[in-house]
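Chain naming follows the written order as A, B, C and D, and within any one chain the residues start at number 1.
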Amino acid sequence: MEPVFLTFVFVLTIFLGFELISKVPSTLHTPLMSGANAISGITLIGSLASLKTGNPTVAIILGTLAVTFATINVVGGYAVTNRMLEMFKKKDDGGAK
Amino acid sequence: MEPVFLTFVFVLTIFLGFELISKVPSTLHTPLMSGANAISGITLIGSLASLKTGNPTVAIILGTLAVTFATINVVGGYAVTNRMLEMFKKKDDGGAK
Amino acid sequence: MNTATLLINFAYVISAGLFIFGLKMLSSPATARQGNLLSALGMLLAIVVTLFYSGLDYKWIVVGVIIGSVIGLVAAYKVQMTSMPEMVALFNGFGGIASLLLAWGEYHQHPELSVFIALVTFLSAFIGGITFSGSMVAFGKLAEKIPSKAIVFSGQHIVNGAILLIALASGVIFAINPESSYAIFLLIVMVSLLFGVTSVIPIGGADMPVVISLLNSYSGLAACAAGFVISNNILIVAGALVGASGIILTNIMCKAMNRSLANVLFSGFGATTQAAGSGKQEGEIRPATAEDVYYILEAADSVAIVPGYGLAVAQAQHVTQELGELLEENGSEVSYAIHPVAGRMPGHMNVLLAEANVSYDQLVEMDDINPRMDTVDVCVVIGANDVVNPAALNDESSPIYGMPIIETHRAKTVIVLKRSMNPGFAGIQNALFFNPNTRMYFGDAKASIQALVAEFKSD
Amino acid sequence: MNTATLLINFAYVISAGLFIFGLKMLSSPATARQGNLLSALGMLLAIVVTLFYSGLDYKWIVVGVIIGSVIGLVAAYKVQMTSMPEMVALFNGFGGIASLLLAWGEYHQHPELSVFIALVTFLSAFIGGITFSGSMVAFGKLAEKIPSKAIVFSGQHIVNGAILLIALASGVIFAINPESSYAIFLLIVMVSLLFGVTSVIPIGGADMPVVISLLNSYSGLAACAAGFVISNNILIVAGALVGASGIILTNIMCKAMNRSLANVLFSGFGATTQAAGSGKQEGEIRPATAEDVYYILEAADSVAIVPGYGLAVAQAQHVTQELGELLEENGSEVSYAIHPVAGRMPGHMNVLLAEANVSYDQLVEMDDINPRMDTVDVCVVIGANDVVNPAALNDESSPIYGMPIIETHRAKTVIVLKRSMNPGFAGIQNALFFNPNTRMYFGDAKASIQALVAEFKSD
């Protein structure tokens, strides 16, 4: 039954994603792209959960690499998005001056 | 694990529902109400699946009643919504004449 | 988990998609009808694939489905457009009772439930029961089978609170030990039915649409809970969509009336205000005959028609459309100003005027007409009352104070069509009727407008 | 399924909610930053609760997380705003490879997979691999580490088709019998990496943003597939959100360029058009000095600044803002006309101008400025080329024909700031530069504008 449940979640999220993203104005498309990119680092969760004690060496290497790459994606992605959006915020204040 | 999966589906649908419904213009709120009402007859699916051969009498009675009521909701709901929306369609033609 | 079950459940994913697309298409009048059909197709698909489960007792299924379909179809095609609210209430109640019965049947056969399943079984029965009895009361009030006024008695909130407490306590006991709690379950069923009645009875008829919308949301949530009981995603998806829709509509209506949901549910609105507004007859009224009104309209350059609940009661939508066309032929600019809560359901007036083939571009929303109200020569108020009551703007003590209205009192001339000086559903007097620029044209809306139409035609 | 696992998974529901709220808040600049923080909070929550799984090998987790965080932070804070597209490509690739590695690791430890799980394992590895190598090529092209032109050779489509076929065939073999297909799996990994390279190499640098957006979508889908592999909902929800977002952005960009996605991916755009447009130098150009331009601007009542990729290259956003303020002090009405695909990413110009504190209300969209272009005295085109090329309107043979442009050629005077007569990224000549009312002001945009600013200040 699990595949069915997972498919439900997948289909619903696709619909939801379309609704949400189509509301983002073009001004924010670059931050959206990098923000979405950060979210795609979600594989980190899976990589963490797979790094168990007693794994064979190959699995440890693969797992550690996966964690490293996914972390770069997550941390870098959110940080860079935040940097961009900070400017948008500054601008608002700037506009008010 | 099933409760988790079901909860995911529930939460996602709630979000999706809010996005979808808030786009419906006030003109269509009455049909929306009766259309949504028809969907809520979805319990019919569960009632059908629960009406198994060899059920005890009480369960048969409960199940048959559930099927009957849910069917009224589904059939009546969709039919009445269609009747309303048909008028909206006629009106479009009428507006063009 | 055999392959058939898996395939059935994948088909449910498609059903869910169809429901979602159906709702998406409801966002425009042009696609709304196909949207509804798509949604119905989704339901049909779900029903058909469900019949492939092995071991079903088709005999009883056929009985239930046939009886239900016949009743549903007859009801749907016999109902007057003006009785939509009652109909929705009735159908809604049936959805609720089905959730209750489903939960009961499941529990009857498998009383050994985990805490989680016991909890959702309780919720399904409890919410389903409230939905049923609450909807029946709402139906009765709207169809005027029971008094539509708010029925309040002192200590009401305490009684309701006590009932709710009993229900929740029973729920907890039931969840802890479902296997030996059949009696408790029956108590829950009783209490839920009772609670539906006692919580809706004190709400006035005018507030029924809000209640119905809220109960609609409940029926969705009951279906959701039933979905958790039998681990069925499609029940959860469909139920949650309905739940969200009901909440949003409830919210929109409350906003349009400038009242909180708590106020609607607990204030006994219709009861108290009846008293408050009763003594306020002031000034003089200026009745008019069909001929008077004809001359006023004949000379008008711009006419705004403001329909309200009375239009629905009188079934005057078709003659109104006819009048509108005659006025246009006569050279007036005609628009229909629609208040969001005119009538008894959100969008009620739109449905009626659509039925009468009034074209879209003539419908104007409240926020669009108000700024240019000063330039309107004649406002024809057809069976509307509360939604044109200036007390909402300038009388802080009025129960409808703060509700946005269509500001007809600012038009050059106002003609009000109603049968008497009786108040509308908020139960309060309307100073508009005593304004120097207002003429009262008494009579049933349909008959009155027919008289006007005759005047125009004889001309 | 123990309680800890259950609780962890319920926490994932909250994470999913935070991601969704985060995206919702991205729909307005005012709330976008909090939205991103909320989304990051969701990620943090998911990470923290995941660490409560029993039996984790914390040693290696710490190693990976620390290395990754340091690299990510340094990269994020060192990157120039103008290099955003490269950065996104790079991060994106890393997300893809992580999905590949995760699927590999899972398969390495549990090679006995059901057909369904084997299939999603294949998808996770394959899509992840394409995402990684494709993103690296895109990064290389944008950072000009490899030639940014489309690299095409005859038979390319056949080669790519063959590679894809091999990959799919391997996938099928793998899904049927995963347990004894370790070699096949490695082949899949290789082929996916190869396919990423061969499918992105023939796409020109100008089309890289579309490719990145598409690869962004892929990385989401790879995460989804990985979620199916390990039955983890949060991977599916997050992955599907990213997948949807990437597809929508890709679509928006293609529409703004009036090209189909297939055309972007398969036509070798940058390569062929370079040839097509090269011989078309016609007419005379009119260069201008800083002083000339100063006098023109000084006399203008309304000025529209049209930024393009050159503004980003020259990092001229701050001086541009300064120039805009000086012009306003001088009594001109200044607006910034933003083309949706100016620059190298959707919204690229908005980010740069936001960085330079240009206020919102001065930014005008293409569809708003075009109708009133005839009334604009001076258009200052700063490093834009393709997005102001009239060939898109009137030359059917042009590869950009049909793309909507900012119609600067209809303004009274146009001043173009660029370094040479070289074409933009579509690789075609621009008739605008030869128009009688166009003046070319050659030089690096930043230096040129600084000279103008000096003129205004010395005045």
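One rule holds for everything that comes next: contacts are C-beta pairs under 8 Å (C-beta built on N, C-alpha and C of every residue); 3 or more make two chains touch, one makes a residue touch a chain.
The structure presented is a predicted model; accordingly, all values stated were derived computationally and were not measured.
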item: Greatest separation from chain B - chain, by CA centre; value: D
item: Of A-D and B-D, pair with higher C-beta contact tally; value: A-D
item: Approximate Å spacing (C-alpha centroids) for the pair chain B, chain D; value: 42
item: Mean-CA-position distance for chain C and chain B (Å); value: 16
item: Centre distance in Å when chain C and chain D are each reduced to the mean of their C-alpha atoms; value: 48
item: Of all residues in chain B, the ones touching two or more other chains; value: 1-3, 5-6, 8-9, 12-13, 15-16, 20
item: Multi-chain contact sites of chain C, meaning residues that touch two or more partners; value: 12, 20, 231, 233, 237
item: Graph class of chain-chain contacts, one of line, ring, star, complete, other; value: other
item: Complete list of chain pairs which touch one another; value: A-B, A-C, A-D, B-C, B-D
item: Chain A residues touching chain C - in the complex, by the definition given at the top; value: 1, 3-5, 7-8, 11-12, 15
item: List of chain D residues in touch with chain A within their complex; value: 12, 19-20, 22-24, 26-30, 32-33, 35-37, 39-40, 43, 46-47, 50-51, 53, 55-57, 60-61, 63-65, 67-69, 71-73, 75-77, 79, 81, 84, 87-88, 91-92, 94-95, 97-99, 101-102, 104-106, 108-109, 116, 212-213, 216, 219-220, 222-224, 226-246, 248-249, 252, 340, 345-348, 350-351, 354-355, 357-361, 363, 365
item: Residues of chain A defined as touching chain B within the complex; value: 1-2, 5-6, 8-9, 12-13, 15-16, 19-20
item: Chain C to chain A touching residues, read off their complex; value: 1, 5-6, 9-10, 12-13, 16-17, 20, 231, 233, 237
item: Chain C partner contacts - residues on chain B that touch it in the complex; value: 2-3, 6, 9-10, 13-14, 16-18, 20-56, 58-60, 62-92, 94-95
